[in-house]
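Please go over the structures that come below.
After this come two complexes, each holding subunit A, first together with subunit B and then together with subunit C.
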Partner chain A sequence: MSDLTNTDYLEYLLKSLSIKSTESLSWLNQLRAQAIDRVSTQKLPTRRDEEWRFTDISPLTHLPYQPSKLECNLHAHDIEHLTLKEAKNRLVFVDGHYSQDLSTISDSAALVIGNLPAFVATHASILESHVGQYVQFDNNVFAALNTAFLRDGALIIVPKDIAISEPIHLLFIATQNEVTSYPRCLLIGEAGSNVTLIEDYVALQQATYITNSVTEISLAANAHAKHIRIQRESAQAFHLANCGVSLAHASNYQSVSISLGSHISRYNLDVRLTDEAAECVIDGLTLISDRQLADTHTCIDHMKPKGTSRQQHKCIVNDAAHAVFNGKIIVRPHAQRTNSSQSSRNLLLSKTAQVDTKPQLEIFADDVKCAHGATVGQLDEEEIFYLESRGLSPEVARNLLTFAFGAEIISRIPVSSLRQQLEQAVLNQTQSS
Partner chain B sequence: MIDENSRTILSVQGLRASISGTEILKGIDLTVKSGEIHAIMGLNGSGKSTFAKVLAGHSAYEITGGSIQFEGNDLLKLPPEERARAGLFLAFQYPIEIPGVANTQFLRLAYNTVQTKRGKEELDPLEFDDFVREKMKLLDMKADFLDRSVNEGFSGGEKKRNEILQMALLEPKLSILDETDSGLDIDALKIVANGVNQIANNNNATILVTHYQRLLDYIVPDFVHVMQAGRIVMTGGKELALELETRGYDWVNVDKSVAGIIA
Partner chain C sequence: MSFRLKAYQKWLTMPEPEWQNVHYPKIDFQSISYYSAPKPKQKLASMDEVDPELLRTFEKLGVPMHERAALAGVAVDVIFDSVSVATTYKEKLAEVGIIFCSISEAVQNHPELIQKYLGSVVPVGDNYFAALNSAVFTDGSFCFIPKGVKCPMDLSTYFRINTEGSGQFERTLIIAEEGSSVCYLEGCTAPRFDTNQLHAAVVELIALDNADIKYSTVQNWYAGDENGVGGIYNFVTKRGLAKGVNSRISWTQVETGSAITWKYPSCILRGDNSVGEFYSVAVTNNYQQADTGTKMIHLGKNTRSTIVSKGISAGHSNSSYRGLVRITPTAEGARNYSQCDSMLIGDQCGAHTFPYIQVHNSSAVVEHEASTSKIGEDQLFYFSQRNIDAEEAVSMIINGFCKDVFQQLPMEFAVEATKLLSFKLEGSVG
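Right, the complex of A and B next:
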């Protein structure tokens, strides 16, 4: 494939797409048709777009990868090392396609869990009222592409007042080279429910591919959800992800997102506190090296009074890697007594590492507390001295502090086997001798 | 305790040190022998905390003159970690917080590092747990102290107790306590002082760096030194601290002649 111009690229992608009238429910076809329409009127973003000014996505135009094929040759033992012993429910998607053989569902009586197509007929009205509602694609070409290619995905509905104590593991495994997969997740937490969801993107080999994912989460009144998102794709992969969260009255959303993989990755997280007294805690860790680029854009939108948000984002950047964090906090005119804090801390481990961090506060109410701060730098010499004074060598002191910098975020993941895997990943990537 | 036959642990002679070209220590002489407790008192800016950091090997300070012998060896040749392994301990005025690392992991790492360098056996996590819990009794510390991140969210008193716990674990020959009393209420002060008193013995020595006499009600020094403008201007017994408490540091200025005689 020779190089394509920006517009050609999107056209080329759409060529492969046709909506068959025989396909189920018209609302889904309509949504996809709208998305296709939106794709055809948009362009790939460039660095001239404010939302993309730090991230050059143009290498994508060289990779007009077609949707992945449904060809899963994996067996249970191939993914054993990726499973989490705490998770009794595991949905496995291979290159975006659901694999029933690799998945384990043990709570089908307590909750609705499975892949989207299985519920399109039985849960049409609820799906219609949620799919595409929290991640808008009008001005987001990647979300539009994902929606246009929407074929499969994960669906979880936690019924009213049901608490699921074990985490639910959504495992997205990349196996094919030079393809695009379009994972899709929808989590609906009904009133008073409680669930922990792990969204986990992994690769079995160092392939070049594109993951374009969309996750939508809706929490009704007093619902609680913990959302753990692990991006550990191949180092040659492109990962473009959008997550939209809608929080109703006094609901509580806690998110920990960890970005380790991909050549270029972009994660947009939009959280809307649509009713009073909603709470969210948003934690992020980016750990990259070589020439990786990882861009995290978050938006926390306080739409109603008495909402609380706390956000901490950290980046550990080595070699010539480049991390971006843009954290927007909106407090709407009527969202009085909002309490919001944001911290962005960045650790540069080499002279050529780069971080762009941008807090962006848009506050239109007057009775609010909004604290924010950002730091970029090396390890603190006073902290190193403290550890040396306890007998540790300078190398061990630096390694410990670097590890701790990442481990602080990882420690908030409520799944111990996953915590251990990630702590090991931090050790592997940060420890020098 | 003063004993004619005790050995010299620390010998400082004519020590001068600067930071960013500004001289802070302007010729300090001090000898500390085993079994002794010394208090170094002085106003803020007198150089007493700098002296503590220089002893521990802080790299921000440049040594511009004088010498420090630690058990007969040239301390200034050693980087901070080797000073710690040789048996010098500094309890920090502001201990750092390390979120993400459990206190027990940190304590065991420090303990095992120092043990190994002293040619002794390491302890595995279970053995260490027994060992550290025993030491924690000295300081009336709760068990959850071990599982929490290092100093994260600790109260002022808890941080200082954690410093003294490290001191108990590392068994230093010379402990330097930098303003350990600052920010402590009276109960915490008693606990910390009790811990220090139990660790002090005939084979080690302690230097208390403090602004106030209060700590010295609970840890009774053998010597009190008054620092001013980077020098020790007066030395006396424990009664000197009381004198300072009632008459203030200005009295030292007035009585420079007295200072000269005593020192």
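Right, the complex of A and C next:
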């Protein structure tokens, strides 16, 4: 890929950016302007960039898709199978555009929830101090693009000491072919709050499109959040996502991200423990086949003492698929008594499957406990033999073991109907292979 | 000569590598750029002269004649008089057909071997420093073990940089033919100077069918003073090719010196059932930086590799493990186990791990484990209960920590390494 086509691609995208109406306040326009500025000075990453070493996104440059248009022909019954019965609050975005008809909001008294533009005027100061703060776009061209095209987005503010027992479901549905959508999501958990958020990316048909999403989460002191992220896009889609999380004193963040779909997907998760005694638990599962490529980059940054982090990432790779995992853990100077563990486990089911894993530790403090491990392998012959000796056929035995490998991560999802949906999806995939 | 010219041309076209700095803290980047300024200049001065003959290169590089003897010299231990030992051994070795001499001698006496193998493992244009080395290499050792010969004694080379402001570019080539085995030791020291010196060596090992090469290094170049002034930049390319079936290459290294160490002894496991091993202890103190690790490239069937790396950082130093394990699609049934542990002494130092694991074959089993910790208060308390002071306790704990690696070293080296370690960490506790 030459630099010429590289810059051309970005310019082309910028051209398609229509002049924004004046409805939003100036700070938001300024933010967009900054982002546009940043896009024009950056280039698309290539495999020469260390962060993109294993993921070649040059196919993207041949697909300068326009932003999706606002046209929604969906009705409630079209998405019925996607809804979760536990979730009383549901925000639905079709191709990145908010759909009021499909969304249901029942807790608007207890918390701030809805489409971002609706709150720009009423919550200006709080939004200004959070939007664009946790996913920095200075060195991230995709985050910059998302910010430049920022329009609709999910906003959830959980007030002080409020616990929302039912999960909040954010449903991002792709319907159009050959477009780019720019979903955006902001969760602010005030001190002592507790919330469960489900981010769900689905496609209604097999289409080729690009999703470029940005999610920002900020938790104040003692706030708890569970963040479940399901990526089940169409098998021809491109999914590029950035998620930035900032944790204050003694806050607790638990994340489960499941990656099933997309031709090429990339998920960057940045968690910053900005104050003492913050905790995070991060689990991930990648299940891919055919010629899919799924890349997960996580960075857990222990900036202050006494932080705890635990991470487990699993990949099940079939056919000629290629999974990439890069997990970085940074322990800053003076972040003493950090306790951190990380494990990357990878299961290769076919001869042509590929895994590149790089668990990475960067430690600048001495009173810490940090461990990481990585394994790559196939199913254990002895385990299969054991099941066969109990009367299972080799195929069933393999499927059972593969399912069990993935189910460990899925079992961490606290929403039972979603868990069942995913278990079924994993079963389908393992059985077809 | 054409080998050199080719390398020089290549080197001129190559950019200085910067990829390794990407991960480095800022300070490192600056120090690396800093050294690069004086280095090419010095090299270019000598480059004009490199063509006529080796001798003049020596002088230009500032390595005096008597130093050459030491460079190519052989000694079991540092204490021995290198020259005399070299002679006795040479004769003894020649009896069983082993050729062991300096590489310049080998160029004259065994040109066919040199031509066949030199640069076959580390190609001329492999990397910036290897190309530089290929262009200007001054001397080094050459060792050839013929078919079926088990080398009766450990071979050893001792390197020393004596002159201020000089760079050293030695080249080592070891060839083990079918069914032979050899154990090779390398020691390095340099006196203290305030200027930074460059050491860019290339070591090539070739093991044919059923051959066994064991290469041990104890590196104690001058590391700079407490404030990080002076010291050696140690940029070494070491690579072994396990070419034949059932061949085995084992690297053991104890890195205590050098201001900056940048070294990845690697194994290319081409032969079926070949084995690669890497045992390393890297100790850094004050402002030292070590970026070391290994590459295990599995090409043959049923190849196995083991990596054990121990890093100890004290003072303001940083040590990194950077390892690559690549299982290519042809490597059926490959197996790798890596373990890298770091120990931190003091709160200003850093320990980093960058394992790259690339698996392109489903029958492979790859495991990686790493941990970082400091010496436990409980452990120290236990020692002090038994009336052992803190410094001694730390040195005992560290020796225990490194035991896995020291066991791989020959006896004399292990003793030396243990001493070096405790000397190195002196004053870092308490």
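Rule of thumb we're sticking to: the second predicted complex is superposed on the first by the 421 of 433 C-alpha atoms of A that agree within 3 Å, B and C clash if a C-alpha of one lies under 4 Å from a C-alpha of the other, contacts with A are read in each partner's own complex, and residues count from 1 in each chain.
The rule is short, and it goes like this: contacts are C-beta pairs under 8 Å (C-beta built on N, C-alpha and C of every residue); 3 or more make two chains touch, one makes a residue touch a chain.
This is a predicted model, so every value here is computed, not measured.
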First, second, both or neither for A:Gln136, with subunit B first and subunit C second: neither
First, second, both or neither for A:Glu408, with subunit B first and subunit C second: first
First, second, both or neither for A:Val396, with subunit B first and subunit C second: first
Which superposed partner A:Ala374 touches (first subunit B, second subunit C, both, neither): second
Touching partner for A:Pro359 - first (subunit B), second (subunit C), both, neither: second
Touching partner for A:Gln34 - first (subunit B), second (subunit C), both, neither: neither
More subunit A residues in contact - subunit B or subunit C: C
Touched partner set for A:Tyr386, first subunit B, second subunit C, both or neither: first
Interface residues, subunit B side, partner subunit A - complex: 56-60, 79-81, 83-85, 89-90, 92, 95-96, 98-101, 106, 109-110, 113-114, 117, 149, 166, 170
Interface residues, subunit A side, partner subunit B - complex: 380-383, 385-394, 396-397, 400-401, 403-411
List of subunit C residues in touch with subunit A within their complex: 19, 22-23, 327, 329, 342, 344-374
Residues of subunit A touching subunit C in the complex: 50, 54, 333-334, 336, 346, 348-378
